[in-house]
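We just call them A, B, C and D in the order they show up, numbering each chain from 1.
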Amino acid sequence: MDTLKGFSVPLTPLGRSPLAMPPPWHYSSDCLVIEYWADASAIAAVLPPGVTADGNSAGRAFFWFLDWQFTASNDEITDPARYQYREAFVLLEALFEGQAVNYCPYIFVDNDAAIARGWSQGFPKKYGSIYQTRSLSAPGPAAAPLASGSRFGASVSAHGERLATARVQLRANVENPATVFNRPTVMRRYFPQLAAPLRQRPAPVDELTMSLTDNLAIVDVWAGSAELSIPEVRGEELHALAPLRVGQGYRLGMAYSVTDLRVLRNYSKAGG
Amino acid sequence: MDTLKGFSVPLTPLGRSPLAMPPPWHYSSDCLVIEYWADASAIAAVLPPGVTADGNSAGRAFFWFLDWQFTASNDEITDPARYQYREAFVLLEALFEGQAVNYCPYIFVDNDAAIARGWSQGFPKKYGSIYQTRSLSAPGPAAAPLASGSRFGASVSAHGERLATARVQLRANVENPATVFNRPTVMRRYFPQLAAPLRQRPAPVDELTMSLTDNLAIVDVWAGSAELSIPEVRGEELHALAPLRVGQGYRLGMAYSVTDLRVLRNYSKAGG
Amino acid sequence: MDTLKGFSVPLTPLGRSPLAMPPPWHYSSDCLVIEYWADASAIAAVLPPGVTADGNSAGRAFFWFLDWQFTASNDEITDPARYQYREAFVLLEALFEGQAVNYCPYIFVDNDAAIARGWSQGFPKKYGSIYQTRSLSAPGPAAAPLASGSRFGASVSAHGERLATARVQLRANVENPATVFNRPTVMRRYFPQLAAPLRQRPAPVDELTMSLTDNLAIVDVWAGSAELSIPEVRGEELHALAPLRVGQGYRLGMAYSVTDLRVLRNYSKAGG
Amino acid sequence: MDTLKGFSVPLTPLGRSPLAMPPPWHYSSDCLVIEYWADASAIAAVLPPGVTADGNSAGRAFFWFLDWQFTASNDEITDPARYQYREAFVLLEALFEGQAVNYCPYIFVDNDAAIARGWSQGFPKKYGSIYQTRSLSAPGPAAAPLASGSRFGASVSAHGERLATARVQLRANVENPATVFNRPTVMRRYFPQLAAPLRQRPAPVDELTMSLTDNLAIVDVWAGSAELSIPEVRGEELHALAPLRVGQGYRLGMAYSVTDLRVLRNYSKAGG
């Protein structure tokens, strides 16, 4: 009889060591987001089966930087050394069965619990070092208030190589963020087989999934001018999605809870 | 038609970004190992179904610290910023279907590629910071040669908390390491389901596995006296396996390749 | 003729590589502060010549955790990977020539530019890993709003060992923070001599200094209940200042600029 | 009466917390070294007063990567989490009063104690992340033995930006390393003044110094072919010393002790 506890490895007697315990998982974040356009064929090349580039988007993508705070059922909010984390990812506008979606091909975090929760959803997280300028309440040249003219920077690095650098200068408040952020995010949930006799068969977990966000709140949205660079780095393919053109930059707050996941397609089954 | 490449996430057009590409994976390491005895009931409590404490072992366990070098088919050996890593784990002497095995309940690494490869085998890796004294060739008080009287230290921390600290003083060369290191390692390979309607069903991946090591080489084995402490840390259960008694310390080199994995039992199928 | 630029090492032709360029330096921070009482003789033991324990304070001390944002004259605010940093320090209530001051014996930061600026002022900074719960604008269980009942945590670690852990639960806004934070901070500015013939002579830099803060702003001050632990760690003496009793916890914003430093006493001169 | 102990800050009652205690300091290291030629005018531009480019060198420089082990009088060798560290620096061939020397304009380490000891000597250390391929004793594709054909890589990054990447393939053992490594290293020891009324006067510490290494041992020297790249990075000037041409690569072991420092010139005195 198996009495070990945990949503993720390691499964343990008391459920304190697992990287993740079962949801609900609660999140709140500051976000710096850059709208840009990438090469449409590079976007098509990274999409999984059944997901296609959105012709109306002409290569539109969003690069996100996030300063996350996480809590669940065990007072994680008061243990920031383990549960506060930073993240960067790219979203590509795409279509699935006619629905406008965002697909997440690359994502970086600086926290192992975030990797475990992310992989369980389909976010293909790797380890990175992420920073963004914060907006602080004590006034002065270092405060970066939410006000016209304020400047923010952000970056993501992995293993000591800079993968992306962004800058945003705020211009105006956005009254209706739904005009900008309105597509659901789909991902590929994947876990491999290592046993040699089975490696030619479909992976045990290979699904197209959709992120489900309860109680989504998007607040304090500001827009402005933006810069974004994604240099070529050996051992990474992110630069294939480098900007051909950069659109607006956004700075916003976002919160939601996760309790569920939608499986859109199981690639491991026949016809995947 | 799916042409994306990768053994692990992220699957990509060129196979450069995935945390892992398919094996063979080649490893070489310096190792500091402490033999010790833990509470037998604490060992029993962390073992998965079908694995039982080895009554003859009376709680015997080994705490390993490793300075790994990894390479595969893409010249990883010349990219140490991405592929060199450090690891610490505990092995518990146990039985599976009458066979003497070591079970690995906890393991820490400082590298994301090592997490991806590890999870695919069943090693329940979390992120940690690991150090061990090295034996360097240039002589002097800082060299720690492989010689009687040399002293080595090692430690593993996670999220800024020290999980284990060890010290070893070498006494003599061990001619036949097979007398010490002779049990295969078994692990629990596990990947969860997040979709709410499916969470009551068995996890999609839940297996008892055995590590397979090709071309295993264990060299330059020295033994000596040892100290080991595993303090209690909030958010971890490792200290349940703290030493009641410490045996010998070992310092050795180990190399092998991984191309396969043995699945001993599939817990997700009926009767698991 | 020396045309190299820089306030700190390395001095360079263009003044881009130096860890610090000349002030003004601008700072803004979120702060979590714990009032506590330490052993009065342990406080006395760490004070420099001419600084004495404040008998009226009975061992009162403050443990600070700070999430800093820094900028100067080169757009540092948009380069958070280099210039955003976290800090933790202890302040001890003391007297200097009859004036009530705070003395800073220990301080940890996670950034090398902050070490360079800090040493130049007299802050004896070492490298550490510091975290504090943030108050985010997007509402939900992970937001920690500035409101009665909100809970915050903070910690500082060095080299994988936890040096201090704190928790605060907010109760009420503090209308007049000057009742709490009203002593100037004094430090010991010290830079050694290594040349053997000169090591018996006074160090080339050994001064008692006072931090000067222009345009000081302290905002959004909340007080509440607090916990603080400072465990004993090998290789550190911080635990000699562990709490005998814990007072209130505070959460606040603080900003100021640095352009100058007051030298209170030069210990290197006769009679130091 | 001042009874506080320490070679560096923080000065403390017991001398356990200081980043450095007085020498002797003992070092041993694995080293990967790349000989190259930089722009001679860029070299001249970074040299301090009295040090001139060596016309016979035509811009010759060496880029070093080091995996250090350190110990002193307090058993530091068994505390690798605090005292083992990695370093990278560039040495420029130069002349001082007719003597052939190497000047060190840039150096990066991943350890705060190494920063404190380095600054006291004149090494202008900043924080970086450094890696080099190791030569391990357990044989296999991941071992990188000291043998003809073995390949090594190395890199240094700061704040998530790659500053230099090197690769070396060994060809042959070097019998007499003195033909390669035979110049003393000179540095600029500098500590600034922050007090505004004094900032126009010479810095309190501004000296040209020479590193003194007791019991220097250079062992197991191999030479081979080499690659080196030093890309331009915002906020750094290292790339001004990028290679115009790359010479040989070396892999060696080096050990020495430090007990003293030679002051060649005091720039703070008249005529500096």
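The rule we apply is simple: a contact is a pair of C-beta atoms (placed from the backbone, for glycine too) under 8 Å apart; a residue touches a chain by one contact, two chains touch by 3 or more.
Only a predicted model underlies this, so the values are computations on that prediction, with no experimental measurement involved.
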Practice task
Identify the chains in contact with chain A as well as chain B, in label order.
Solution key: C, D
Practice task
Starting at chain B, figure out the least number of steps needed to reach chain D through touching chains.
Solution key: 1
Problem - Chain copies touching (chain C, chain D) - same or different residues, decided at half shared - result: same
Exercise for the section: Starting from the Cα centroid of chain C, hunt down the chain whose centroid lies farthest away. Expected result: B
Exercise for the section: Report the inter-chain centroid distance for chain A and chain C in whole angstrom, where each centroid is the mean of the CA atoms. Expected result: 34
Exercise for the section: Averaged over CA atoms, how far is the centre of chain C from the centre of chain D? Could you give it in whole Å? Expected result: 30
Problem - Chain centre separation in whole Å, for chain D relative to chain A (CA means) - result: 39
Problem - Residue list for chain B, restricted to those that touch at least two other chains - result: 79, 81, 129, 131, 155, 157, 159-161
Exercise for the section: Note which residues of chain C are touching chain D in the complex, please. Expected result: 1-2, 4, 7-14, 16-17, 19, 22-23, 45-46, 48-49, 79, 81-82, 105-107, 111-112, 115, 119-121, 124-127, 159-161, 188, 190-192, 194-196, 198-199, 204-205, 209, 234-238, 240, 259-263, 267, 272
Handout entry: List of chain B residues in touch with chain D within their complex
Key = 26-30, 67, 69-71, 75, 77-81, 84, 129, 131-134, 136-144, 151-155, 157, 167, 215, 217-220, 253-257
Completion exercise
The chain B residues in contact with chain C across the complex are 129, 131, 155-157, 159-162
